[in-house]
Structures are given as C-alpha cells and as structure tokens.
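The data blocks that follow each hold one structure.
One chain, chain A, links the two complexes that follow: it is found with chain B in the first and with chain C in the second.
Let's look at the complex of A and B:
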C-alpha cells in the first residue's frame, strides 16, 4: 500500500516538475521572442539605414529563429521525398532566399506597431505555439507563431525554431504548400525552381 | 352537298344564324382579352437547352445579379461637387424602386489606388469618393486607369459614367423553373404518373403566372426608372441620362411588339379597306370584308386566349398575316361573284351567292389546307415560340375559311343584286397585257427564271443568322443611342462568360507516389498538421497556378476585338499588383484580401468571379454589339477552339456561357430547323398538289413556280448581307404558305377553262382575265399591306414587312408569268 502512495506521490512530483519545466521553457521562449521583435522594430524604425540595409538586418536578426529548411521541406509535402539530392539542395536554397526576401519586405511595411503575446500553448513537448496580436492605432492583427524544438540543436540557430506563421488564420506554409502542389500537378520541380529563382 | 347545306340551313335562316354568330363573337371577345403578349427573352430560349440551365446555375453560384445601367453624361467635370451630389441623389431615388437590390456608382465603389497603399493598410479602411479629404485628382486617375473601372464605370473621355442598378433575384421564379425542368427531364425518361403529371401542369401554370407577375413588375419598375430619369433631366440642364441593360432591352422589345401589333394591325386593316374600295369602288364590299375580318380576328384571338398561346416576337405579326390570308379569300369570292353576275345578269341573288360559294369552296379549301401545311411545318422547329406561331397561323387560316364562307353569303343575301358600277373587264386590261407577255416571251421568261434561280442559290449560300439586340432598333431612336453609348464607351452589351473549373481530385490528376525513407520520419511528424482540412479550402484556394490560368484566359478574351470589358479575379490581381509595387500578389496576400475585405466590396471585386466550393473561376465579358460585321457564331467557335489550346483538359475545364450563347443556340437551332422544315414544306406541298390535281406534272410545275420566287428572298438577303434573325427565319414558311394559294387558284381555273375549250393559249388568256385579276388584287393588297410595316421603329418588323412584300411580289410574278409558261410548255 505504501509503495503505491509513494509511487503516486513521485508521479505527481514528476508531473509538476515537468509542467514547471515546460512553463519555464515557454516563459523563456516568450522573453527571447519579444526581444527579437524589439530588435526588429528597432531596425525597422532606424530611418538612417537604406531600405536594403534594413531588410538585410531584419533577415540577419530573424534567421536564427526560423527553421527555413524545415519549412521548405514541409511546403513541398510528399513531393520533397521524391527529389534527388541535388534538387533538394537547390530547392532549399531557393526557398530560403525567397522566404527571407518576401518576409523582410513585409515586416518593413509595419510601422508604429506593438506585439503582444496573448496566449501560449504547448501541444507537444517539442512544440510551442504563440498567439500574438500586432497592435496598431486602429486595430489588432492576430498572428500565430509555431515553434518546434529539433532533437539536436542546429548550428547558428536558436533551440526553438519557428516553422510556420499564421496571419489571421492563414498559414504561410499551407499557402506555399497549396501553391506548390498545384504547380507540380502541371509542371516539373525544375520549372518550379526556375520560377522561384526568378522571384528572388 | 355543300349547296344543300347552304340552301337548307344557312341561307334559309340567315337572321338566326347571324344572331347565333353575334352571341358567339361576343363570348369570344371576352376570351380575346385573355390573349397574352410575351416578347421577353425567356420565351425565345430553348426549353431544354443545357446551356440555359448551366447559365442560370452560374448566375446563381457566382451571385452575379441582373442589372440595368443608367448612363450619366455631362460636359463639365464628372467629379465636381454638383455631379457627385446629382449621382448620389439619382442613386437614392432609383434605390427606392421595388426590384432594385443595390446601386454601384462612382460614389460608392471602393477606391483601391487613391492613393496607392500597402494592401494591409488598404483593407483596414477602403476609401470611396465620399471619404473626407479624398484627392479627386487621384480618384480621376484611378477611374481612368484601373483595370476594374476604366471603360466600365467611366468612359475614356471622363464625360460619361455608369450607374449600375443591380436587380433583386427572384428565388421563387428560379425554384419554379427548377421544379418544372425536373418534370421535363423525368418526362423524357419515362411516362409520368397521374400525380406527377398534374403537379407538372400545376408547376408550369404557376411558373407562367409568376413570370407574368414578374414581367409586369419589371415593366412597371423600368417605366418608373425612366420617369425618374426624365424628371431629372428636365430639372438639371446639361445632363444626359440613358437607360440600358439586357432586362431593359427585353422589356422594350415587348413594348415595341405590343405597339406594332396594335398600330399595324389596325393600320393594315384600314389600308386593306382603302385598297378594296379603290379597286372595286363599292362600299358594300368594304363593309363585308371589314365584317368578316373583324369577326375572324376576334374569334381567333379568343381561341388563342382559351388555349393560352402567347404572342411573342416571332408571332407578333400573326394578326397582319391572318388579315391578309382572310382578305385574299374574300377577294377571290368577290371576283367570282362579280364574274358570275356579269355572265348571268338575270340570276337571282340567292343563286348567284350559292354558285359563288359552291364554285369557290374547293379551291378555297385547298388554299387554306396548303397554308396550314406551310405553317404547321414550323411545328417541327422544336422552338416553342416558332411552334406556337405555326399553330396560331394554322388555326387562324381555318377560322378565316369558316367565317368567310358563313358571313360572305349571309351578308349578300340581305343585299340586292345590283349591277356593279364598273366592269371587271376594264380593270383586267393590265392583266391581259401580262397574258400577252406570257404568250409572246416564253423563252425570255424561262431565261430570266434560270438567272433568278442562280441569283437565289448563290445568295442563299451566303446567308447567316445573327441576333444583335442593338440592331433591333433604328439608329435615331433614344433607346439605340443609350445602348450605343454603353456598348461603345462602357464596355459592351451582351454578356458572355467563360467559366474555368480547376480539377482537383479527379482521376486524371496524378498524385505523387511516396517512397518511405528513414530521413522522412521528422517530416512525417508534421504531416498531420499540414494535411488539407475541410475549412482550409477558402484560404488556400488562391494559388499562382490558378491566377496564371485565369489571367491567360482573361488576356486572351481581352485581345478579341468584339469583346468589350473583361472582368475576372485577374482584374483584382492587376490592381493588387499595382499596390504591391508591380509585383504580382502572392497567394497569402490574396487569401488575406479574401478574408478581410468588407463584404460590400467583396461583392464587387471578388465573389462574382470565383466559386471556391466548386473550384471555379468566372471570366465575365460583354460583347460589343454595335461592331459592324460581328459574326457571333464564328466568334463563339473561335473562342472555343482557342480556349482549347490555352486550357489543359487534364487539369482544367472551361465552358462558355451566358446570354450570348443562349441566343446563339436558339438562332442556330432555328436556322437548322428551317433548313429541315423547308424541305418538309416543299415535300408536303408537293404531295398536296399531287393529291389535289392528281398529276405529277402539275405538282412539279406548281412547286417550281413557288420555290423559285420564295428563293429570291434568301438570295436577296444573302447578297445584301441581311442576316436571318428570329423573325425573318419564318419568312420562308410564310412565303410558301401564302404564295401557293395563288398557284392553286390559277391551276384550278386554268384546268377548268382548258377542259371547256381544249385551247391551251385561250385558257391562259381567260384564266388571266378572271382569276389573274383576283390574284393581282390580292397580291397588291398584301404587298402594300406589308410595306406599311416599314413605318415601325422596330427593325425586325421592318425587315419582316419588306421581305414578305418581296416574297409576295416574286410569287405573283411567278404565278402570272412563270406558271402559265410552264403550263403551256408541259400541258396539264
């Protein structure tokens, strides 16, 4: 009987500890995330820099937080698994380049706005979701950041990495996935890469 | 037998018969008022047309409402405070009308580039012309350059703007159509049960009633809008307003048809009377003819009212036609009566009347039966209004025959046997000259006939069918001017849509096979999250692939000369591109736009062009109807074949639809059925000739003498490049139906005279003098009668009048010159 109590007690302690740990992880990540955002806002507001420099700095600052490689793979879905090694490398490069360009430009358009994390979730031990509001004078824009923690830390990257962003419920990754899927129905991966190359 | 019937019944109790007739006519008058006129577009469309069903479906799914267009033209600045105030006021006045759903004008459309701003900013607060401190120079620039508004909402010279009046969709009407169509489909598959049959009939009746109500309401509303516009114009100097739109055209067509029916029906009656008086110089005949025609008209209209047959654009001239057929019957009787009177001046009136009717009964019966055969060939056309027209004319001819043979003898019985105040022989001098021509110039006549036949055949090969709404109205009419303004400056008139369907999970679209791999384990852990989910479709629908394809089709349609404004998702894409610094908007931007755009603007720039649920995009265009030499059927064929090259059938499907297609289908099937029915008419008439005269030779001669004159019209139309439309396609049947009448009268008479004398040339001379005179009279009446239609403002009526007059002229020339020559050459 005692043994059982002891076991339950241990289990409870363990869970509590784990939850605590998880909560700590979330708080830490939130702090890191907000710091990053502030860093980016500072860059955006720095009118001394040229637009190109600004974008370059934004990319530099955000890149460690994003898992572009994973996004590239997921965006292709099952088609990724079919690619040759060379194509995989070329696609990754092109996708990452496109991401950086496209989103640095988008972020640059934001002015006088604040980011507030209004909800944090951890659906799996290695996934964290931040529901944030981008608050401007007139209204709020809901943006969801999805993080994952790779088994092994990737060089020059944070330990938690963003793998998808949802703006007002529209997932960037899913958008790309839908685009690529349809494109690949009628055309080849080489053609897709050519288009991506043209875009960047 | 017939003589007995007249002697023992009709002529014995003339007063009683007349009294019964009077009561009958009174009763029929009540029903005649129930005769309905429906010239709406709806009546002309093929009932079981798949394209029609598809088009209705597309309009429903894409929420593309019917609309009217009010044009507002000025000479000063369109964006001045005064004009803005005026347009706003006009809009709010029109908005109050029952059938109006909403109004789009320069006042309330979203301004997306005034000034250009990032899409994210724009979506938050879209300005309109009414937004305080809006920069009007920018607005003007946007209206003149925006893919959405240029040549659509404003003209290139910025002097005219369109106020779009969106009409409410009547759900009940469409659900009734659906219900009825389901029964029609079912009927094709199997025999309907008793219950089904009765509910089918009930639905059809309800649909008809509801359509009548809608039509009334539409007409009333259009009149109301016109009144608003007139009032406005009269109180605001320097502003020109016009009304346009397919619904208005349809309504105006009904009005024109109604007007023509009323005016020309009565003008023609008066004219016929005047001619009869001029030719015969006797009020008695005028009175009798008038009485017979009126009674026939009333009874026919009454029967049509009882049967529920509607007068449509196609049948709008049935009254004129029946008048003519009837008049021809009466004239032949009059001529015969006077001939007998001259020959036997001592006969009693009763005997003269009896002899007239009994001698004329058979040829008149033949005449009517062949006319009926001609018109009933229209029944094979498969097009409801044309079929109905066939029934109406057949019915009318039979009624005319009966009424004429009842009233003509009865009225004469009451009159004394007066000596005619002028002799027929004097009148016949012209016809005698014609007979001499026949006698002396046989070869010339045959030579000319061959030439005419060649002219007709070569011309007929150039014939085409065309339905141009704008060409229905004279260029100097108010309605034409309004339509031309919209057509040329604001993007065209007749709608044509291309609907693209993107195949998604069809068998034809291959899915990529997946090889299992160790490295993929990490990816697979995300797979659930990125599976396509039910609610995802809307957000991730906007792919570059689809946009690209829509753009390709859009640009292709835009490149066609005959197509005015093209609107599609690509238009919105173009605007976003401008806002995006020249780069095409990506899927994310479009998805956000779709999600965030306020519904009132979405209804203008997005929802009419996509149906995400069915994976479809609609590219909507309008055809420039006033483009000279526009060949619609060719255009549709070209679009179809070019689209086949643009669209990959493995991944996309396309379909052209909307009003242009439906009218083209209707006309093409009308044209095809005409070719088929003309063959049928000729064959039926040939068989009737054969039955009547029991001679293969005479039947052949009779047909040649009719087919060649009728062919002249088609030759003429082909050479003059007058296209066949829904009214003129019926001319062949009408022409043959009426033209054979004279032929029958002539051959019948010629045979009798030949039998009596045994002298072919002598019989020709005497036939010309007697029956030839009657033929000449009737044809003159018909030709002058139809020529009067030239005074109409409705071009189909004018063409119809001219061409029918021409057929009649050719037919009488054929009967008085060619037919006798052929009879002299081949004998009887």
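Let's look at the complex of A and C:
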C-alpha cells in the first residue's frame, strides 16, 4: 500500500515539476522580451541619433531575437525546396534585409507607447505565443509574437526566436507567403528577388 | 518517504510561485515533433507548414479589382494625400481628433445594433454609456471623456461582422472606388449600416446630419480627409511591404476582417 502511495506522490512531484519548468520558461522569456522592448524604446527616443543610425541600432538590438532566416524559408512554402543553392542564398539575404528594414521603420514610427504582455500560451513545448498590446494615448494595437525554440541553439541568437508577428490579426508571414505564391504563378523567382532587392 | 514529501512540498511551492502571475496560462497538451536533423531543411520546416497554409481567397473579379486598386492608389497619392496635407497644415491635431471623435460618436446606433445582434450585451451597454457620456460631458462627441476618465472602451462592430459572426462566408473580394478593399458580405452590409447612420441623403423619418447628396459628400469627404491626416504614414508604410499591391492589400484586408469577426 505504501508503495502505491509513494508512486503516486512521485508522479505528482514529476508533473508539478514539469509544469513549473514550463511556466518558468514563459516567465523568463517574458522578462527577456520586455527588456528588449525597453532597449528598443530607448533607441527610438534617442533623438540625437540620425534616422539611419536609429534604424541600424534597432536592427542590431532585435536581430538576436528574430529568426528571419526561418521566416524567409517559410515565406516561399514549397517553392523553397525547388530553388538552386545560389538562389536560396540570394533569397535568404534579400528577405532578411527587407524584414530588418521594414520592421525597424515600423517601430521607429511609434512614440510614447508602451508594450504590455496580456496573454502567454505554450501550444507546444517548443513554441510560445505572446499576445501583447501596444498602448498609446489614442489606441490599443494588438500584436502577437510567436516564438519557437530550435533544437540546437543558433550562433549569436537567443534560445527562443520570433518566427511570426501578427499585427491586428494580420500575420506578416502569412501575407508574404500568399503574395509570393501569387507572384510566382505568373513570374519567376528572379523577378521576385529583383522586387525584394528594390524594397530594402 | 520523508524525502518524497519534502520534494512534493518544494515543487508545490515552486509551482505556486511560478503560476501566481495571472497572465501565465497552463501549457496545453502538446505534440512533440521529431526533428529529423537541423541541416535537413525539410525536417526543420515540417513543424510549421500547417500553421501557414495559405487560405485561397475567392476572386472572380481580380481584373477589375486590380484596376480599381491602382485607381485608389493614385487617388490616394495625388488627391487624398495632398488634400490631407493641406488640411493638416491648417488644423491643429487636437481639432482633428475632435472631428474624428464627433464622427465616431455619430456612428453609435450602428455599433449598438450590431453588438446587440451578436448578443454582446456587455459591450452594447459599454457603448451606450460611452455615447451618453461623450454626447453630454464630451460636448456632442467632440471629446472622449468616456475613455480618458471612465475607461469605457469602444467596441467596433458593423453588419459585416454580424453576418460573419453567424457564419456568413465573405464571398468574392471586391475593391470599392475610394473606399478600398471589401468583399460581397461587407458590401451588402453597407446598406443596413447606412440606415443607422445619421449621415445620409435619403428621406428619413428621423433626424439626419445631412439632407442633400452634396452635404452628404461634403461630410463624408471631411471624415475621410480628417482620417488620412491623422494616420498619414500608415498606408504608405504598409504599402512598402507589397511585392504586388493588389493581392497584398486583399490578403491583409481578409485577415484583418477575420480577426475582427473572431473577437
């Protein structure tokens, strides 16, 4: 009888411990995320810097948290596998550059705003979703950050990486995937890359 | 045995401290995907593919839609933007915010009706309180004390969202002249919403702000130019990310509407 008790207790310990770890993982990531945001806000508010320097600093500060490379691959869907090695490299470079420009420009436009994490979810052990509000005097903007944890930590990157951002329900990755897919139905990947090159 | 109790006690304390923050939700049941290997790109991407399955948008009018998108884009660039810039130069931002608040307040009957139709009674009562406070203390809706002092939030609902709420599909995508992206469901909904709007030019048995179509157009243009002047760079910043403007805007619109309906 005691043996059974012991086993049940052991099991309880194990489950509680596992749950606890998962919760801590989220809390840790949340702290890290909010620190990053504060860092970026300081850069945005530093009006001594030129616009280009500001954007450069924002990119430098955010790059370790984003998995732009994964986003590039996912944005092409099945077409990614069919690219030649050179095209893969070129596309990756162009997409990452475009993302950096686009994101830093978007962030630089915001002033006197604060970020609140209002919900955290962990749909899979290696995925965490943050639902945040970007609060300004005028309005609340709901922005969702989706993180994944690669099996092996990537060099010069955080252990949890953002692979998609949803602004008011509009997913950057979904939008890119849809527009690239449609573009490639009538045009070639080279043409797509030329357009991307012009954007950044 | 004592060790087990101790461990249980310890992990329980950790568990409670870890979860005490309200925001932390228990991790749901998870499926662990076996990654084949890191350099095999297929294996790496496999876990994400179903997440970004592109939804096909029904688009039989794509030729017309594309032309109308270019027209709207041109109208924005060469008419709306210069007009809004001039307007912005003359009127202080506080005045423009009041103009926006005034129009928003007028659309209260539409928001109330659609909140009620969707059974969102709490939101409907919050909207009503907003209308009462802003129309009185807020001087005919020019100011928004409901939000700044009473923390009453607006709940945007239109008939398109009501239809979507009851499962109506969006139907073919339609780009409207000057108004921009829409779809059959939302176009049809313009009519019932217009019936509840005090800005109208048809004969009504109740009070409307405008009586003739000229007054109507004037009021609508003012609203639009005022809106653009307050959100100057939003469209341009968004447009920059498009490799092809029409499908990009169509997609953004449909995702945005789906999200609004879901809420």
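Operating definition for what follows: the second predicted complex is superposed on the first by the 191 of 200 C-alpha atoms of A that agree within 3 Å, B and C clash if a C-alpha of one lies under 4 Å from a C-alpha of the other, contacts with A are read in each partner's own complex, and residues count from 1 in each chain.
In this text, a contact is a pair of C-beta atoms (placed from the backbone, for glycine too) under 8 Å apart; a residue touches a chain by one contact, two chains touch by 3 or more.
Note that this is a predicted model, so its numbers are computed, not measured.
Undergrad: Is the arrangement of chain B and chain C around the shared chain A a clash or a fit after superposition?
TA: Overlaying the two complexes on chain A (C-alpha atoms) leaves chain C and chain B clashing.
Undergrad: Classify the contacts of A:102 with the two partner chains as first (chain B alone), second (chain C alone), both, or neither.
TA: In the superposition, A:102 contacts both chain B and chain C.
Undergrad: Per the contact definition in the header, classify A:82: touching chain B only (first), chain C only (second), both, or neither.
TA: First partner only.
Undergrad: Contact-wise, after the overlay, does A:27 reach chain B, chain C, both or neither (first, second, both, neither)?
TA: A:27 sits against chain C, while chain B stays out of touch.
Undergrad: Please indicate which partner A:193 is in contact with in the superposed arrangement: first for chain B, second for chain C, both, or neither.
TA: neither
Undergrad: Scan A:74 for contacts with chain B and chain C and give back first, second, both or neither.
TA: The answer is both, since A:74 touches chain B and chain C.
Undergrad: With both structures superposed, pick whichever of chain B and chain C touches the larger number of chain A residues.
TA: Of the two chains, more chain A residues are contacted by C.
Undergrad: For A:174, decide between first (touching chain B), second (touching chain C), both and neither.
TA: Both partners.
Undergrad: In the superposed arrangement, does A:41 touch chain B (first), chain C (second), both or neither?
TA: neither
Undergrad: Touching A:143, do we find chain B (first), chain C (second), both, or neither?
TA: The answer is neither, since A:143 touches no partner chain.
Undergrad: Touch check for A:92: first (chain B), second (chain C), both, or neither?
TA: Neither: A:92 stays clear of chain B and chain C.
Undergrad: Clash with chain B: which of chain C's stretches 26-34, 170-178 or 188-196?
TA: 170-178
Undergrad: If I apply the document's touch criterion, which positions on chain A are contacted by chain B in one structure and by chain C in the other?
TA: Residues 70, 73-74, 77, 80-81, 102, 109, 138, 151, 163-164, 168-179, 182-183, which sit in both footprints.
Undergrad: Within their complex, state which residues of chain C touch chain A.
TA: It is residues 1, 4-5, 7-8, 11-12, 14-15, 18-19, 21, 23-28, 30-33, 35, 38, 41-42, 44-45, 48-49, 52, 54-55, 97, 233, 237, 240-244, 247-248, 251-252, 255-256, 258-260, 262 of chain C that touch chain A.
Undergrad: Where on chain B does chain A make contact in their complex?
TA: 118, 120, 124-125, 502, 509-510, 512-515, 517, 520, 522-523, 526, 529-530, 536, 539-541, 543-546, 586-588, 591-592, 595-596, 648, 650-651
Undergrad: What residues on chain A touch chain B, complex-wise?
TA: Residues 70, 73-74, 77-82, 102, 109, 138-139, 141, 151, 163-164, 167-179, 182-186 of chain A touch chain B in their complex.
Undergrad: What residues of chain A sit close enough to touch chain C in their complex?
TA: Residues 2, 6, 9-10, 12-13, 16-17, 19-20, 22-24, 26-27, 30, 70, 73-74, 77, 80-81, 98, 102, 105-106, 109, 117-126, 138, 148, 150-152, 163-164, 168-183, 192, 195-196, 199.
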